[in-house]
Amino acid sequence: MKTKLEEINRNIYDIKNKDEYEFKIKKGLTAEIIEEISKQKNDPDWMRDFRLKALEVYNKLELPTWGPDLSELNMEEIATYVKPKSKLNSSWDDVPEDIKNTFDKLGIPEAEKTSLAGVGAQYDSEVVYHSMREDLIKQGVIYTDMETAVREYPELVKTHFMKCVPVSDHKFVALHGAVWSGGSFVYVPKGVKVDIPLQSYFRLNSPESGQFEHTLIIVDEGASLHFIEGCSAPKYNKVNLHAGCVELYVKDGAYLRYSTIENWSKNMLNLNTKKAIVGKNAKMDWVSGSFGSKISMLYPMSILNGENAKTEFTGISFAGKGQNLDNGFKVVHNAQNTSSVVNAKSISKNGGKCTYRSLVRINENAKNSKSSVSCESLMLDDISISDTIPTNDIRTDDVEFSHEAKIGKISDKTIFYLMSRGLSEEDAKAMIVRGFAHPIAKELPVEYAVEMNNLINLELEGAIG
Amino acid sequence: MSKNMLEIKDLHVNAGEKEILKGINLKINKGEIHVIMGPNGSGKTTTANAILNNPAYTKINGSIEFDGEDITNLKTDEIARKGIFMSFQSPEEIPGVSVTNFLKYAKNKITGEPVKIFAFKEELKKYMEELNMNPKNMERSLNVGFSGGEKKKNEILQMLVLNPKLAILDETDSGLDVDAIKTVSKGIEMFKNENNAVLIITHNTKILHSLKVDYVHVLVDGKIITTGSQELAEIIEENGYSQYK
Amino acid sequence: MEKLQLLNETPIRTSKNFNINNIKIENFEFPETIKKFSNINIIGDLSQITQEVSLIDLKYGLNEYLTNQVKTRANQKLKVVVDNKTNKETKIEFNFDRENLELVDNIEIEANENSKATIIIKYLTCENIKAFHNGIIRVNAKQNSNIKIIVVNLMNNMSNNFLAIQNTVSKDAKLNYTIIDFGGKYSITNYHSNLDGENADNRLNTIYLGKETQCFDLNYIAELRGEKSNINIEVQGALNDNAKKHFKGTIDFKKGCKKAKGNENESCMLLSNTAKSISLPMLLCSEEEVEGNHSSSAGKIEEKELFYIMSRGFEFKEALKLMVKAKFNKILENIKNEELKTEILQEIDTKLN
């Protein structure tokens, strides 16, 4: 039983607007270019200096000696800053027509009305729309674009910006530090519970360019938040680069859920860095769906610094033709009674490659900690690749650690069972794949679960007929 | 319209290189209950799988007609949509797909008509009560973590919901306690009417006690060696298969 | 004196920060001149043993320096040709003493078609000395052969043990490998099995037991190429004091290995809060119709069990020994030579005292 799965039109995600912009920095990466970006963005001095230092670090660091081949990335060919023809608006009516149309088709304004507490929308390098419910503003919640935060909340930003993810982490974090633009800043004050999600959506329209948004979220003691991040881009022939950075501070007793549906176009190199510092009795949950990109290297990380800190990671990657998705999760247990639960799944088809790469480190002082990891990989044909590369580093005895992984295909017996109930072979396979992805879908708000199922159907659609 | 529903002629089937069925002939009419009995390894399960054209088995010779149409080489789902249902000896587990969603989807595929969710759920609930099933199972993943008995009841539930013309029950009674066997028999009685038929495959006779069986076929080494009425099953219960070897 | 750095590279690299791609040995003095080694004892059929080993061609190995040392300066070369159709046991014992401090051995085992054999290779330090072992063991299990290899490292904790293993397993051949890895300040093993033929079957069972500052680095690689080939790796270990273990296990389903199966189970008992266990159980897959599973676990001894045993009058240490031995028992059952088994059990007791 073999099924041909064709590449499909990603319809709405692939709509290209004309490459119109107010300002597009020339390609490449030099101190002059960084200075120019800084000038365009009206950076305070400290930020300009920060960028220039990050550039120095970038020049010193090597490319990773592991994982996917990044040799096709030529920074000389990438424009790191593209300013759209729009200022920041708080009403969709003020957003230029073609940009608004794009977000309309992606369903963002509609979702805002029905199921979100606030929305941010970034187009190329700048945020074009930001808005949040009145009652949250009154409770002191801050949700704004990163540039506004640098200007209006300098102390909060200075003490947190790239402290969780230092520029020395790796080459693309250093790059990010030098050229970052856009992104969201969220502060939830002590004890405030934001009952419905905030969402930021990132759209990269301009060809041969990069998106380097910075997301900084501080959930103060006892507060809680669900933040959703969506991303997409139309497909071009040359590579685009995404090197965003997400820094999350989950203070004592706080809760943060960070959900991502990533659907970058298949010419995107997605080299994103996400990290959370989790305090005492706090909990950090990650939900991640990775569908797009040509190459993805994405390993969200939780650092459990406080006693009883908890983290959960639920993620799925779906790699089709020409895609190399090297994703995973990292967790470091640094305190007593901490716990981590990982549930990672991947699907490879049509020559796509999925790699689960991870780290679990339980340090000496993390007595009575628990970690349990489960990975499952599904191979939909014999030309695809699925690798599992987990590192488990246990440095103390009083722990419960377990790791399980499975690789396999859909069993012929299962297909026969479903076909005996009247489902065609393609329907049977699609049903099994959706079921496989269900544990992730059920962690998402309904609209996003629907979007994810649509993406899966879209990916499998070539099978029908 | 002809009473004749299923007709198997001189069916030879291999599993891998090995010949399992060596010329099966079987005719089932509307309104009838047939039983195939036989020792382990005689080809009972192969017969059921061959009717549904499981690609794990190869048909070497012979034909299968259903409602006057040759279905020998149709795909499994096409055969299912013609109205043949098979209850599996070991039903597959499908993580992430709830019983309700699965059955709703399958019902739509079989009938080709949209399924109205509320009425459907009511119907499902009613059947589950009849089969002493926990209604909470409706929202659980199909067969995942079900006990042996729950899985078998779930197969009967699917039979009732999908309402086929011919139901093949492959060892549905095996591994069940007395109460569960009674429930399964009850399910068969609920299903059975003059317009459909049932083929029960079993190696013990407990399930037959409460059912009115029309024909009992004895399958040994890939061939039906004798056919009789319900009494034949009782004789076998008494003496085993040794006399046929 | 050679001071070398990096050994035992994994077939696929992961992040450098995870410190698992290789093992770094600093300020280690490798012996420059290799003296003769003559304290060797062979029990079994000597007629099938010669010194005519073939050229070494390793795909992995520990590193170039150590491989070359065996290639050019081996002080023991043994080739075992197995023709027997019934299982016979051959035992090769290398005994280190003050006269025999350095062993560089090149062992080649050629199991002809349909042959059967059990071969035990034991490394033992007899005196309180600092011994050095660097060896390569190659096994070629030809069609339908059935070979059992038991490698036993009973060196002391001052000594160092470096071992590279390479196997080819052909059609319908069965290779059952057991490694008892107890001794060595460093004990570093590279194991590479190439399951070439249809139905090729390789089982690898390892137990290790570390104390003081012992460091184990196990780099096991199985490449499945034959249809319906099967690899099963079971690693059970316990670490006391400041002992460290790196386990790197790779099951690589190569294109064409349809219906192949690979299982890997690694479990580490941490007997002290300063013992460290790193594991990297990799599954690499380029073929659809396969079944691959791995599981890895680490933690301290089950306290309820310990309590139960102690409630029956066992002292803590005795209870601990009992539990560790129970954990190892499944693997020890593979060893039919009672004398050897007793020796291993005694060593477990000694190490846990």
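Each chain gets a letter, A, B and C, in the order it is written, and its residues are counted from 1.
FYI, a residue touches a chain if its C-beta (ideal position, glycine included) is under 8 Å from a C-beta of that chain, and two chains touch if they have at least 3 such contacts.
If you're wondering where the values come from, they're calculated on a predicted model, not measured in any experiment.
Central chain assignment: A. Criterion: smallest distance from chain C-alpha mean to the mean of all protein C-alpha atoms.
Distance from chain B peaks, on a Cα-centroid basis, for C.
Chain A and chain C have Cα centroids separated by 42 Å. Inter-chain spacing, taken between the CA centroids of chain A and chain B, is 48 Å. The distance from the centre of chain B to the centre of chain C, with each centre set as the mean of the Cα atoms, comes to 52 Å.
For chain C, residues touching at least two other chains: there are none.
Contacts with at least two other chains are made by no residue of chain A. Taken together, the chain B residues at the contact with chain A in this complex read 52, 54-56, 75-77, 79-81, 85-86, 88, 91-92, 94-97, 102, 105-106, 109-110, 141, 158, 162.
Of all the residues in chain C, the ones that touch chain A in their complex are 12-16, 18-21, 253, 255, 258, 268, 270-300. Against chain C, the residues of chain A that register as touching in their complex are 64-67, 357, 359, 364, 367, 377, 379-382, 384-409.
Against chain B, the residues of chain A that register as touching in their complex are 1, 411-414, 416-425, 427-428, 431-432, 434-439.
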